[in-house]
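Look at the two complexes coming up: chain A is in both, with chain B in one and chain C in the other.
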Partner chain A sequence: MKKKNSILGMAFFGPALVLLTLFLFLPMLLTLGFSFTDYFALNPELTHFVGLENYINIFKDDLFVQSFLNTVKFVIIIVPLQCGGALLLALAINKAAHCKKYFKVAFFVPVVMSLAVVSTLWMQIYSPEGILNTLLGNFGIDPQPFIHSADQALPSIAIMSVWQGVGYQMIIFLGGLQNINPALYEAAEMDHASGWQKFKDITLPELKPLCIFVFITVTIGAFRMLVQPMVMTGGGPDHSTYTLVYDIYETGTVNWEMGLASTMAIVFTVFVVILTIIQNVLTKDKEERKHGNKKAKAN
Partner chain B sequence: MKRRLLYLTVTLFAAACLSGCHQKDPEPGDIAGYDEGEEYLSIWVHSIEDTEEGQAYKESVETFNEAYDGQYFADIEFVPRNDSGGGYSDKVNASVMAGGLPDVLTVDGPNISAYAANGIIQPLADLTEEEESEYLPSIIEQGTVNDDLYALGVMESSVGFYYNKDIIEEAGIEIPDADHPWTWSEFLDILEELKPIMDEKGGYPLDMTFPVGETSIYYYAPFVWSGGGELVSDDGLTVDGYFNSDQTKAAMEYFRTIVEKGYMSQAPIDNLFESGRAAFKFDGAWEVNTIYTSYPDINLGVAPYIVSDNWDGGTYTPTGSWAIAASSETKDIEGATELVKWMSGVDSGIRIWNMTKNFPSTYEAFENIDVFQTDENYSALYNQLSTYGHPRPKTPVYPQVSTSFQEVLESVALSGKDVDQELDKAVERIDQKLERYTRE
Partner chain C sequence: MVTKKQKRINWILVAVLLVLSIFFLFPVIWMLANSFKPDAAITADMNSIAAFIPPALNGNFFDNYVSIITNTSFLRYMGNTLLYAAILIVLSIIVNGLAGYALAKINFPFRDQWLMIIIMLLIVPTETVITIHFLIIAKAGLLNTIVGYILPLIVNPFNIFLFRQVFVSLPDDVYEAAQLDYCGPVKYFFTMVLPMSKTVVATVSVFTFLNVWNDYLWPSLVFTSSDLLTAQIGLNSITSNENTTMGQTLAVITLITIPVIIIYSLFSKQIVEGVTSTGSKEG
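== the complex of A and B ==
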């Protein structure tokens, strides 16, 4: 019986394993291997083992460092705006008396649209004679260059990305909000708790696990920023919107330097993994402490 | 039991690998039209079958098969490509590693050097002098690497320096003839003259941008060339002293002057020229067709590309497009060369023009297309191309050169950074990429 089960198990699991190995694990291992070579896509026969040379070189490369800093800037702008924005939207929709479905769909639509389409759309919105500048003009504000200036391009793209992605996290929060036991609020009302107190002591703690999930996924998503700058600015002006993933892509496919690109990809992965672990540890700690406190109180 | 399954998995995996990587030429009779005794030639094109361009290639291959019935059979495969050239080049790269390159393939002009330097394509079989003289000089030059001819253009291209006739007339400006273009200083005076007129129209004298991608080097490298500069050395392996030469510096500073004086908009404005709010515009030859079909109100003219004050009459205007070459894996270079000649030849060129409005690459094709004789704008572009066409830099690190050119242009002209510093930084970056070719 056991044997039969294991065969059946393998039969189900096998195809997935083969595909995963072929398209995920193997490429990952190859990338790790390539990162120690000068593998050049046009001439693979000339590949040499170069040890840690690539790892040293990329940190001496101004462009790599700049793309790294740009990516961090994107993350710093996007994560709070998108997480906070999603929560606010969810709360508002949850409270809304009318047209709940309409708002839900309206805020979710950008998520469904392709990033490339959204980016092209916003290029029109941000263009010197686009609707945004026309709108600003009506308030007597001079036209802004937005994606055409080194200072404004990064925030402009970040804000567009938040607009595009926020609906997804909003739906997650909305699901969480609807799962909170109404009895908690009823009890709070009997104690004459204010709206803020209810939010702080009931809503937020109940949403905590979702917050962590949203926080981590948004962070990783922001780190992977590629399509928006690629379509809207090509990484410019003056490399101000050139991101890590963009650098990896250009190095590997445009300049054919697969070895170098692999090294960048490995560094990028390690960085994101470390960050995720830190986030996990930090948020878990608080959780456990709280649970500990609760237990102490209960006792 | 477990072990047996493991074996099975491994075998399946290996089989998948092998069947995926190993492509065998088909036998006669496998494909309609491929008969006993014919040499099989596979050909890849960077296009989708359903597009006009794809159809043009397909028809050219079909006529080749008719003309060489009993001798060769060409089998076309369409490889889709995205805007930035990915997809097609990915497939080429993968085949370089895994094997399975076709006999003949299309190559983007600027990539010919890199493909040749890395042994992806091989020199064509010798062409007779007569055959070679059928092609525009820019096509032969584009396809030649270290004195060997590797590729012939399936099409050619040009950039026009367009003007709005109504505006120019209003300002009372005379357009010079093709052999006496405006010099930089003359053109600055003209821009100054036009500025108040264009301010009134809510526009700019010049509709110009420095976009990321291939466009910038394609449109604006002529400013370096017309001053006698080159971006890389003849062998394509040195940039120091070329990319950061005085000529390049002068060109970059000229663009900065244009921006600083407000002759162009810093942020790109869509359809500035097309809406009649710019007097001049640099754009690809396709712009003529766009204006004729979509903006009939614009009275379009083609002025000669402007030149540096130090111009000595040499070639300097933009050229270059997709070409076709024989891969290093083909066993029949004679046959492959026949196919390359056919695909780039007169009939194929006329077909490309008729179906896609891309320029052909041979004199005869141009002469057989009426519009290049009858339409003053098209004939001006053809004249510019055949007399003053200059290929883009030929170097195996072309992508880096192209990117760097745009970056320096943007940071010097738009952001006002120090030109020497930016050019030297670019040279350092390009040198890093060149190491691969210079250390052996």
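== the complex of A and C ==
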């Protein structure tokens, strides 16, 4: 029986294991291995082991440092706007007595559109003679260059990304708000708690694990910024919207410098893993209780 | 219990949200309205409320759409993407489903360790390995082939985990009963397990479809031949063509969004549930 189970288990798990090995384990090992070499994919014979040289060099490379700083700028703009916006929208919609369904759909619409579609649409909206400049002109504001200037391109793309993504986190928060036990509010009302007190003492603490989850996922999402600048600006003007992942992608698949690209990918991955670990640590105790409930519900 | 004051606040809240939602949706409304106009009309309407109103229904109403469909390969790109999505849905249900079932119900060696590894793999972002995927597929001579595009996308630790979580709570006595009927484990999986788990099968299918439909980076790396492009990459090649007008651009991005809207309206319950319970399934 035991032997039968191991054969059966491997037969069921085998196909996935083969693909996992080929497309996850092996690539992860190769990325790590390549990051210590000067592997150039067009001339693999000349590969040398260079130790930590790549890790030192990328931080001396102006373009990498700029792409890193740009990515940080994206994170700094996107995270507060998207998390805060999603929370405020969810709180407002949860309280609204009418049109709840319409609001949920309305703010979710951009989520449905792909990154490439949204980027293409906003290129038209941000164009010098476009609809946004026309609208602003009605308020006496001079035409803005938006994605065509090194100063405005990054914030323009960041705000567009918030517009596209905020509905997703709004739905997560709405789910969380609906999961709060109404008895808590009823008890608070008995004690004549004010609206603000109820929000501060019940809503916020109950939403805390969700807030951390949303904060981290939005941060990781912003960290992965690539398609929007790729479609809209090609990383420009003057590399002002060139991001970390963009640099990995171009170094690896356009310039074929797999050694350097792997080093960047490792640095990027380390950041993502650290963020994920922070999230797990911060939400652990509450998550476990919640997860138990969810599993019961899912069945 | 609702006081007059609360009622008034409520109305103000609804009013504010209504105004906000209109501002929020202005790009989408503008896109839809102007996708039916020639460029001259788009520019002429720009400075009035007409910018947000579609033109009167006449013979030229669908001109932009017709010219996209007849003059570009866009329908072909949409067809390609549907085909890739269909293949991937079937393969990922089989591969990830079988693995999830093994991790849930079959007591094979190192099962718990494998499960731990799968959970740890959830952290690894695709960007870490995508250049290596490209290298592997290029070395295997599979660039510009459907196989090369699909192969790295089949296995997905998240889907394995999702299947495992559902399968683990399936009752064991059904399996024992099925064994008495001499039903082999593979047959049992396809005729009993999957049909009993319609929700998770639907969830995995929907998210696989959305991933394939919206993905940009991987297809742009694998496909350079125009015959095989997915809709998102084809979109780029159409809009970057100088002969494409603004109205046609808006028509093409509307067309590409229609299938996703259909999927969202059919499966909104699964999607919202997926979003709220896991939240981590993005792009």
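By definition in this document, the second predicted complex is superposed on the first by the 260 of 299 C-alpha atoms of A that agree within 3 Å, B and C clash if a C-alpha of one lies under 4 Å from a C-alpha of the other, contacts with A are read in each partner's own complex, and residues count from 1 in each chain.
Here, contacts are C-beta pairs under 8 Å (C-beta built on N, C-alpha and C of every residue); 3 or more make two chains touch, one makes a residue touch a chain.
All values reported here derive from a predicted model rather than from experimental measurement.
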Fit-or-clash call for chain B and chain C when the two complexes are aligned on chain A: clash
Which of chain B and chain C A:D38 touches, first, second, both or neither: first
Touched partner set for A:T134, first chain B, second chain C, both or neither: second
Partner chain in contact with A:N255 - chain B first, chain C second, else both or neither: first
Touching partner for A:P155 - first (chain B), second (chain C), both, neither: neither
First, second, both or neither for A:P237, with chain B first and chain C second: first
Touch count on chain A, higher of chain B and chain C: C
Touching partner for A:M10 - first (chain B), second (chain C), both, neither: both
Contacts of A:R224 with chain B and chain C, given as first, second, both or neither: second
Partner chain in contact with A:L22 - chain B first, chain C second, else both or neither: both
Clash-bearing segment of chain B, relative to chain C, as chosen among 24-32, 60-68 or 78-86: 78-86
Intersection of the chain A residues that touch chain B with those that touch chain C: 6, 10, 17, 22, 41, 129, 253
Chain B to chain A touching residues, read off their complex: 1-2, 5, 9, 12-13, 16, 84, 86, 89-90, 93, 96-97, 114-115, 118-120, 211-213, 265-270, 397, 399-400, 403, 407, 410-411, 414-415, 425, 429, 433, 436
Parts of chain A lying in touch with chain B, wherever the complex brings them together: 3, 6-7, 10, 14, 17-18, 21-22, 38, 40-44, 46, 62-63, 127-129, 145-146, 148-150, 233-239, 250, 253-257
Contact footprint of chain A on chain C as seen in their complex: 10, 13-14, 16-18, 21, 24-25, 27-28, 30-31, 43, 46-47, 51, 94-96, 98-99, 101-103, 106-109, 111, 114, 121, 123-125, 127-136, 138, 151-152, 154-155, 157, 160, 165-166, 169, 185, 189, 199, 213-214, 216-217, 221, 232, 235-236, 239, 246, 249-250, 253, 256-257, 260-261, 264, 272, 275-277, 279-280, 282-283
For the chain A and chain C complex, residues of the former touching the latter: 2, 5-6, 8-10, 12-13, 15-17, 19-20, 22-24, 26-28, 30-31, 34, 41, 92-93, 95-99, 102-103, 106-107, 109-110, 112-117, 120-122, 124-125, 129, 131, 134, 137-138, 163, 168, 171-172, 174-176, 213-214, 217, 220-221, 224, 226-227, 230-231, 245, 248-249, 252-253, 258, 261-262, 265-266, 268-269, 272-273, 276, 294-295, 298-299
